[in-house]
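To keep things simple, chains are lettered A, B, C and D as they appear, and every chain counts its residues starting from 1.
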């Protein structure tokens, strides 16, 4: 079997030659183990996802939201996956694959720290040495996740180039890989990078829609009218959409971070958003042709979002293709709406979502009357990691739904957590 | 196609610097100094914001150049402003090629880029993240405009891949001396000879790069069979030091020129050694 | 049906008269809804535990530990329950019961904040106003949990009496209840308090052993030789033991916090441990007769443990009874061993346990060769809430298995998280 | 059994303070002041570390007394040291009763506690967290030593519970004027009359407590049918203020005595009002 390297015009393998052999070896392993279930790889993957990860995860009927929107809203609870986000589906798959391939070491990049913690957990579980690259700025912003990775026995290496966030961490991990490629596997954190990563990560994440498709038919008696997921790189997105792509009547919306504005500052090289699907231009970054936030010369922009996990200038090539095809709607929601949605879901449903996830609920709030009668929203992760950010960002704003946090101030320790 | 020509008589010294590092004006002088020091071809970097194959030295050069305002258009102006006689190769990443819009024709993409480069006098390209498999459009443009597309052979490149690249390469083959990213090292990699052996029967010149720092390294690599040595970080280190310590441009020029001379002499010594061995 | 108020000599209803009518009303509701499944209460409870809570939760074969101890070790993954600990089983059950009873408001105490967050989540989910009492000291130590409760829309009221920890918070919640008892339900956080709480909380938590019993027979082909759970108040403990109590060949060990020492400072009224089952004397606290840490006059001691959730001077009366009967082994593990076990499980299995939970693994480390061939350990919660404490406490000590956390210091922000 | 006797002729004033608050010596003087002010029975608190039914005022008294070294044994010594003629009732929580070891007999538990209390001169008990259902052992000991066991009727106590308590109560019934915890309030609860009505036909005296602060409150409560008023927090507030502000003991004694007088006079006025009403 030989898989297509591209999705329409997107995808491909734009990497330094030193990585090409590893990518070919990985492609071969992907086809054998993942696609053909050689040596029962996929069986073991599913078994570990169940026993270690906690799958299957519920599709919860959201009572308050359904009433609020007069629409049946279902929550896919990826926040309940071990580690607190969908990221483990992919990390576990890749670390296991690395083991089947005889690799001796794992590296990964991380932005918000969710992919890093998932990889560190999977590596500890499967007894693989692991090193995580993380921007210095992100290390400062996401200390609990740094601690979790170290606690799981991983090395965490600060990346000091550029702004010190996800983009730089990916670049740095690719540099490590270029050196250690013979015995090291690079566990990329989303459906990005050179082939076979976008396809392989999607396949590992597709367990989400595999479950949803069955669950929604059982609970609602039919397929949904709309499926919503936030999109950074797009792994939870493609995971949630995959088994619905052929169901033409199911609307698929990828909700990106609109940040503070969709306008860009070309001079400063800054896009105050991460809406690469909605506003980006085709280009080549981190191994794939896809939609990017870039200036007119092709230099990559610094993206921005209140949610670190969406803060990336690129997006998965398959999503870019599905958007061009008209199969997936690329939409976005700004920081304020995401914060409001964060508070609303927490108060109304008792589920504290990740800030990334909150974007999908911000979109639901704004467009619920266009989405039909049965809507599935993927709760890609839990918000525990975001408490500090939400506290700070909420205090800067005048949001309708925010709780009064004065008890935190009054009992000392300042306004922080 | 013509880059082969510079390897014909003696081992070539192929320096790399980033255009516009640390400023447009200084950089012009530095490139010219390299020629005076003995460069046979110059790989002139067009900086990209995500230099995934570079070590910290060249990352620094990229940042300085971009902060000083480098763009593809200014790069071509820079090439036109340069007063050097040796051939120039544009070293960059694919997105800049892919995004390029020709200022006159309005055409975009690889062909537009190659055309503008040809107009400015660029004779070849090394596009770091463009493996042979994805190189079709640029390859065609190079053919059209008479330019060489240089590929890198990594220590991991073997078997089928090697054969495929042999078909596509022209000008010279860039033999990566070791795994990893660019950066000057204190030793010569043991992988160099093995890599050279794998391309021994190719009919393009073999230039070895990655980690070469001294005349002695250059000598040993040429003695091992290379037709040229590519040196980047060791030169960029001089530019960086000059910039950070506020050295006068003339002093940096002087140091670059003498470093270039050391490397070129090393390469020549390597050729003599090889000739001696071959002759014995 | 009328349930027994005591377990042997333990239990009972030692509360001010103003609470007695509410306790009788609750007993009646417990018997009707929980025991008799009136109006399908238990069906709804199980459905919500599944859809909202994520049950059933896996029983994971622990590969590294099994190898280390040459014993088949299974982990019951309560850390994967929504909220991050077994606490939701109880909180959801009680908030739902309050709804069935027509109550309009929920109050609860919390120590580490786990029960408070679980209650706040359940209250948000079921749309009930909720107020949580929490000691001022604990608020300072557990800021993320305070934030989570507030985010879920609960009030958090600081308790300033005494040392400002769990014991005082329980007393203060009882005071609120004495005032508001007619329309308010007090969701107590463990198998403590007056009848029917110990029995009812146990019944809600018994879903743990109900699942384990089936899972272990499926995976190991037989009942376990030993079941371990940490014990503070004892709710995860009784939940994990309940369906094994009649299986005489299954050893049951309740692992308490040995703190820094089992000795007590009678003068200062301080026990530097929370080992009430192992070392306590019979007495009456918070509504029940049970084993207590108290001085010779009957004044309650300030307990201590590195894990806030075990830091309580009392324990559930049923556990006290089962220990006296010889059915349950009361054992304990000190702070150091718990910290080491925390790091060991994180590194070897990729599961970061709560510090409470870590005590059970500390006991496994010390006594694995006496426990038989199949051992089940309840992972009562995840350790995210404990990262700050573990960092501090680890730096004070010279532990064998602790990771090097210098990356946190070197990237600024001090040594904290 | 004898506490009924103090309610026989006129409405009783039943003050509460915590023994040993803020110190053993001061507390002795305070209790004696209350008698001088008109106390008919004194509820003397034996402080327990977890006073779950107390508001912040009495919690404060408990903390001060415990910090000053109060123990059950010192409590009985205190009772013996007291120079008062009115009956004393021990108000406490059950764990102290349960844990008690008699210093001479070595016996433990309720009987030992009741015996030692009887020896010291205590005539009755209010055990806040001991409902009638759990009171068997103490009830028996009280019978044996001729003491009264007073129960509290809450506003929520109705129906069966009321009947069961009626069987067990002796001395007087403590009618809790409102839901909640102890603490002085600025109003008289509307629940008081309803509560009194529920025990109207009981043949023990009814003493109302919880929230009574002024002579006026006392008057209204007695007018509403109470046989006595129980006042704690309003008195403890005086002790607390004296302690915090460093007032001389004599001054605090003076203030307690006059507050007691105000409350007793209020109760008497209430009785007159009721007699007027009854007679009209």
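One rule holds in what follows: a residue touches a chain if its C-beta (ideal position, glycine included) is under 8 Å from a C-beta of that chain, and two chains touch if they have at least 3 such contacts.
Since the structure is predicted, the reported quantities are computational estimates derived from the model, not experimental observations.
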item	value
Shortest chain-hopping distance from chain B out to chain C	2
Identity of the chain that, by mean CA position, is farthest from chain C	B
Length of the line joining the C-alpha centres of chain A and chain C, rounded to whole Å	33
Whole-Å gap separating chain C and chain D, where each centre is the average of the chain's CA atoms	37
Computed distance of Cα centres, chain D from chain A, in Å	65
Sites on chain B at which at least two other chains make contact	none
Multi-chain contact sites of chain A, meaning residues that touch two or more partners	none
Contact graph of the chains (line, ring, star, complete, other)	line
Contacting residues of chain C [partner chain A, same complex]	50-52, 54, 57-61, 64, 77, 79-80, 82, 84, 120-127, 136, 139-140, 143-144, 146-148, 150-153, 156-158, 342-343, 346-352, 383-384, 387, 390-391, 403-405, 407-408, 410-413, 416-417
For the chain A and chain B complex, residues of the former touching the latter	12-18, 20-22, 24, 161-162, 167, 171, 174-175, 178-182, 269, 281-287, 289, 292, 294, 296-300
Of all residues in chain B, those that touch chain A in their complex	48-56, 59, 63, 66, 71-73, 93-96, 98-101, 128-131, 133-134, 151-158, 161, 165, 176, 179-181
